[in-house]
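Paired with subunit B in one complex and with subunit C in the other, subunit A is shared by the two complexes that follow.
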Partner chain A sequence: MSSEKIFSIFLIAFASISLLIVTGIVISLIVNSYPIFLMDSLSFIFKSVWNPVKEDYGILPALLGTLITSAIAISISTPLAISLAVFSTEILPMRFREFINNISDLMASLPSVIYGLWGLYVLAPILYQYVMIPLHQYLGFIPLFSTKPIPTNLFTAGVLLAIMIVPFASSVIREAYSAVPYYLKEAAYSLGMTKWEVIKTMLGYIKSAIFAGIFLALGRAMGETMAVAMVVGNTFTLPKSLFDMGYTISSLIANQFPNAEAYNHMIPALYGGAFILFIVGLTMNLAGLYWIKKVMSKG
Partner chain B sequence: MRTSTKLVITIVVIAVLISIFMLSSWHTPTQQPITTYTATITSTPTTVPLSGMINGAGASFLNPQMQAWASRFYEITGGRIQINYQSIGSGAGQAKFKEGILDFAGSDPPLKSDIYNEFKGKGGIIQFPVIIGTIVVVHNIPNVESGKLRLTGEVVAKIYMGEIVYWDDPAIKVLNPELNLPHEKVIAVHRSDGSGTTRVFTAYLSKVSETWRSKVGSDFTVAWPVDEIGNGVGAKGNEGVSAAVQQNPYSIGYIETAYAYSAGLKIALLRNADGNYVLPTKEAVASAAKALVKVLPRAYEDWSHIFPDETVDPPGRESYPLTSFSFVILRQVYEDPVKNAILKEFFEWVLTEGQKPENIVEGYEPLPPEVAVIGLDGLKLLRTG
Partner chain C sequence: MNKRKVIEKVMLGVISSLAIVSAIPIFAIVINIYSEGARHLTLDFLIDLPPPPVGGRDGGIGPALIGSLILTSLAVAIGGSIGFFTGLYLSEFSHTRLAQYTQMSLQIMVEFPTIIIGLFAYMILVAPLKRFNALAGAFALSIVIIPYIALNVREAYRSIPYTLKEAAFSLGVSAPTAYLRILLGTAKRGVLTALLIGMAKAAGETAPLLLTILGTTFTYFGGLDQPINAIPLLIYNFALSPYERWHQVAWGAAAALLTIILTIFIISRLMVREVKI
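This part shows the complex of A and B:
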């Protein structure tokens, strides 16, 4: 057999292994979670209760918490990630670029428990003192800031997630940005564009990569467990404002799984939460893909 | 062949080997212990000392003490006997014990009655306390020092029910006439992860408050009413509770005593069943344990209805209300005589030598001899199937 052939056989083998693993995960999610849907049907998604004493479970507060913290994280991290990518490839002197990029990549690889500890002991008190209290005092009439804050809440979790995911989004955008053909940039300058106009054009050119980076980051934000569990407040109630404490599906699983085996229905309930998280993530990615396609076809 | 192809093949072979290894080790737990049990009789001419390894898992509360016992026992047996203990939580420990994966389980509450009954037909189990732990109610009121604030179980229950909202509530003021309590909201910190500490704490609240018993109950995790009004905070682990109490002025929390001391948290006095305000001193814990001896079952009996629901808040002038045991659970029948003998030898040591001050980790209290004897009697029931 020629080495080319062997090589392609291995490629097929490994590709199908990763496909099998993903299918396996989906199947095990369904198999393990169907008892809870059998018991509670869809009310499992719309109930706000986590009561192991009565074995009554509903995931709504955690689902909302996941969506809220991810939304905060994405809206803060997107401009930061784009700015960081442009800054490090366009503005920064060549000899510092490597340094900044390495730092950014290092941030992406830090274990999340470190972010959690830092978030709990450093970030939360600072946000509380200098952001949440002023916002609540002066803008408390806006429902978003109406709750009298305490340091650990959905907002803190969202900001911490934003900080955690910037390096992810930024590195995807950075790679795409530096892969734009050089003649494009030269052409732009030769037309007499200013630096800002050139950057705008370049960013328009890599729109799809920007979306890809943001969706990658969103996935990470929705799935983050440890760091969120440490700063989100972990109360199973429906949030009424950003400063309310809450839960996310991932942090609920991290908190409750170790002792879940002591109950009859908690494991299916946690798998049910994971399954819903999977569906939400999938829907968002599909919507994102569809949107990118639309944007790209418009040019 | 080119070197690149060779490289690819080598990588593939390694990957396949690794995955086969992982798959096979993934299959084992259902059939046999996680780590295969190796019992070899080392042949020394006169006596025949046993050697081998036993595997336990469960309560994280028990973990530091169990590790200390295990390493001490490993030393004094000259490395003959190795005890593995993994901190996976009481609930998981009981579940894995039920599946037969573990040689013994460590648990804060005793075995649940359904699992107990299941084992009845299979030769039965024994369960016995191995160590005493205490839980303290801590607070973070800036101008009140540790050991000054007086609380009763009813008041604590009302705080976690969300019925007492401010520190200057008449119900708290009447207990603390000499303290200047602020008109600030009480932030009630509780565990967010399932925990034996919560199980004992909520058993206490259920015992002293009828409302708590009927509306909330007691478990590893409960639905905290105080969360509904936005004054509750959930925190993961004792470390998390400790951090949450420190960061939130005017908060209250419950935590294992050792953590409260190491974090320098302010401890509240609790009113005991006899009406005295006590801290978890050695004397208060010993007094509580003594009072409990009368109500404690035998090792082979079902403890689930007694502990912790009946054992919290024991009588006695000095007794500390939140005194709790950590349990070890064994099967009565082990097919392997060597394993049987090792378990007996180790836990007999734990209940005698292991209770001496030099073998007790800081933050735990040793069992009084009257309680240790429950386990020692129980161990006599161990037999080979």
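This part shows the complex of A and C:
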């Protein structure tokens, strides 16, 4: 066999590994979680109970926790991410742009455990003092703010997630924004538009990229584990307000897995949670990739 | 001023202040981590065993630092080689069906919650051995970084001008020589950046380690089949402990980790900048 042939077989072997890994992970999720679905069927998703002693598990509070924290994160981070992208491509003087982009990339590459440590000891007390207590005092009649807050809860986790995903969402939007054909911008200015009106037009033009950024960021927020595990309170109750301590699926796995082996069905239950998380996250990412494709076909 | 001008001023102001607000946390994080943690960063701190919760010596993060070095090197070696050849394949054989599937797998992997990768490594390497071990951690970290390395290596090889590739092959050398000796020289910085990005990811990743190496050992390296600690895991465990002294160790460890990440980040940025010129 020629060395060319051997080399291409060699490369094919390596390229197949990722495919095998993804297949392996999906299979491992299915194989390890089917006992819990066999035992509880779908009530595993809609039950709110975590009782290792009775071997009774239902993931609903953690699933809600994942949805609530990522909803908080996405509603805070979307306006911030769009602003950051516009600011760094349109408003900031040219020579500062690389700096702010570097800052944003650095934020995206900080380990989540560092966000977690900072969130636990710096962010949580600040939010507690200046945001949660006032909201509870003055707007406590709204169910969202009705629980008497303590520093680590779903709300803190949501805000910390927002901080973490801003740079990520913003870089997707930034890329699309700077890829808009220049003549479009020129045309807009030549109509006598103000800068804000131009920005508005441009944002309308890259709407798909904004959706893509939001969905991809949502996928990240749902899967994020360590930072959330450090500030979410790790309490298994059905959340009644944003200020309740809670769990997310990933923080539940992080927190419960180390002692799961002592019980018969906890490991399948945690794999079951991971399987649900995988499905939800994959949906978000496929939605994001769909919108990115739309952007690409436009350009 | 007419109404449109006023709206413009207001909106530009709103956008700018929101942008600045979103960048504040990074400065706050770096300042807080160093103001709390930098004073711990002595040589003793880097090599000592962790302290007891109360009494005794001040201690350090020695085992975790060594564990992190071992795990990160292994991950970069394993994940780096798989990622490199995968990226090369994607760049040069992008038209094949396998390339499309691989591309899709990498995109899914990059967005995978890393804790799920930890669960996978647990099934493959922890459950059969009936013991948390370093190898499982390195295995999980390798999977985490493969997509980052592969996608960046793909870009590095893709950015080589076509004329250069033609020139390399017209020398009459074999494909491996052309790709790995001649063209690698051109793609060198891109490939190194890819490896650095992977290294930073592996050094800071925590979630999969929780399910693979467990970490709370107070011994230095004891073999790849034994539990091991890592800096990010130590930060997590100590930060959530009830002891103030362990919180301090967590801050010191965070300062060390942040320094590692910042160093890798700055080196990779400098390399990218030189490429541009």
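What we mean here is this: the second predicted complex is superposed on the first by the 261 of 299 C-alpha atoms of A that agree within 3 Å, B and C clash if a C-alpha of one lies under 4 Å from a C-alpha of the other, contacts with A are read in each partner's own complex, and residues count from 1 in each chain.
Just so it is clear, contacts are C-beta pairs under 8 Å (C-beta built on N, C-alpha and C of every residue); 3 or more make two chains touch, one makes a residue touch a chain.
Given the structure is predicted, the values throughout are model-derived calculations rather than measurements.
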item	value
Partner chain(s) touched by A:N51 [first = subunit B, second = subunit C, both, neither]	first
Partner chain(s) touched by A:G24 [first = subunit B, second = subunit C, both, neither]	second
Touched subunit A residues, subunit B compared with subunit C	C
Partner chain(s) touched by A:T235 [first = subunit B, second = subunit C, both, neither]	first
Partner chain in contact with A:S3 - subunit B first, subunit C second, else both or neither	both
Touched partner set for A:N259, first subunit B, second subunit C, both or neither	first
Touched partner set for A:T147, first subunit B, second subunit C, both or neither	first
Subunit B versus subunit C as contact partner of A:M296, first or second or both or neither	neither
Partner chain in contact with A:A124 - subunit B first, subunit C second, else both or neither	first
Touching partner for A:L191 - first (subunit B), second (subunit C), both, neither	neither
Subunit B and subunit C contact sites that coincide on subunit A, given as residue numbers	3, 7, 10, 120-121, 229-230, 254, 258
Subunit A residues touching subunit C - in the complex, by the definition given at the top	2-4, 7-8, 10-12, 14-19, 21-22, 24-25, 28-29, 32, 77, 79-81, 83-84, 86-88, 91, 100, 102-107, 109-118, 120-122, 163, 166, 170, 194-197, 199, 216, 219-220, 222-226, 229-230, 250, 253-254, 257-258, 270-271, 274, 277-278, 281-282, 285, 289
Residue numbers on subunit A that touch subunit B, as the complex places them	3, 6-7, 10, 49-54, 120-121, 124-125, 147, 150-152, 229-230, 233-237, 244-245, 247, 254-256, 258-263
Subunit B to subunit A touching residues, read off their complex	1-2, 4-5, 8-9, 12, 88-92, 94-96, 112, 187, 192-195, 216-224, 227-228, 230, 232-236, 240, 243-244, 247-248
Touch list for subunit C against partner subunit A, complex	4-5, 7-8, 11-12, 14-16, 18-23, 25-26, 28-29, 32-33, 36, 81-82, 85-86, 88-90, 92-93, 98-99, 101-102, 105-109, 111-117, 119-120, 122-124, 143, 146-147, 150, 174-176, 179, 197, 200-201, 203-207, 210-211, 214, 232-233, 235-236, 239-240, 247, 250-251, 254, 257-258, 261-262, 265, 269
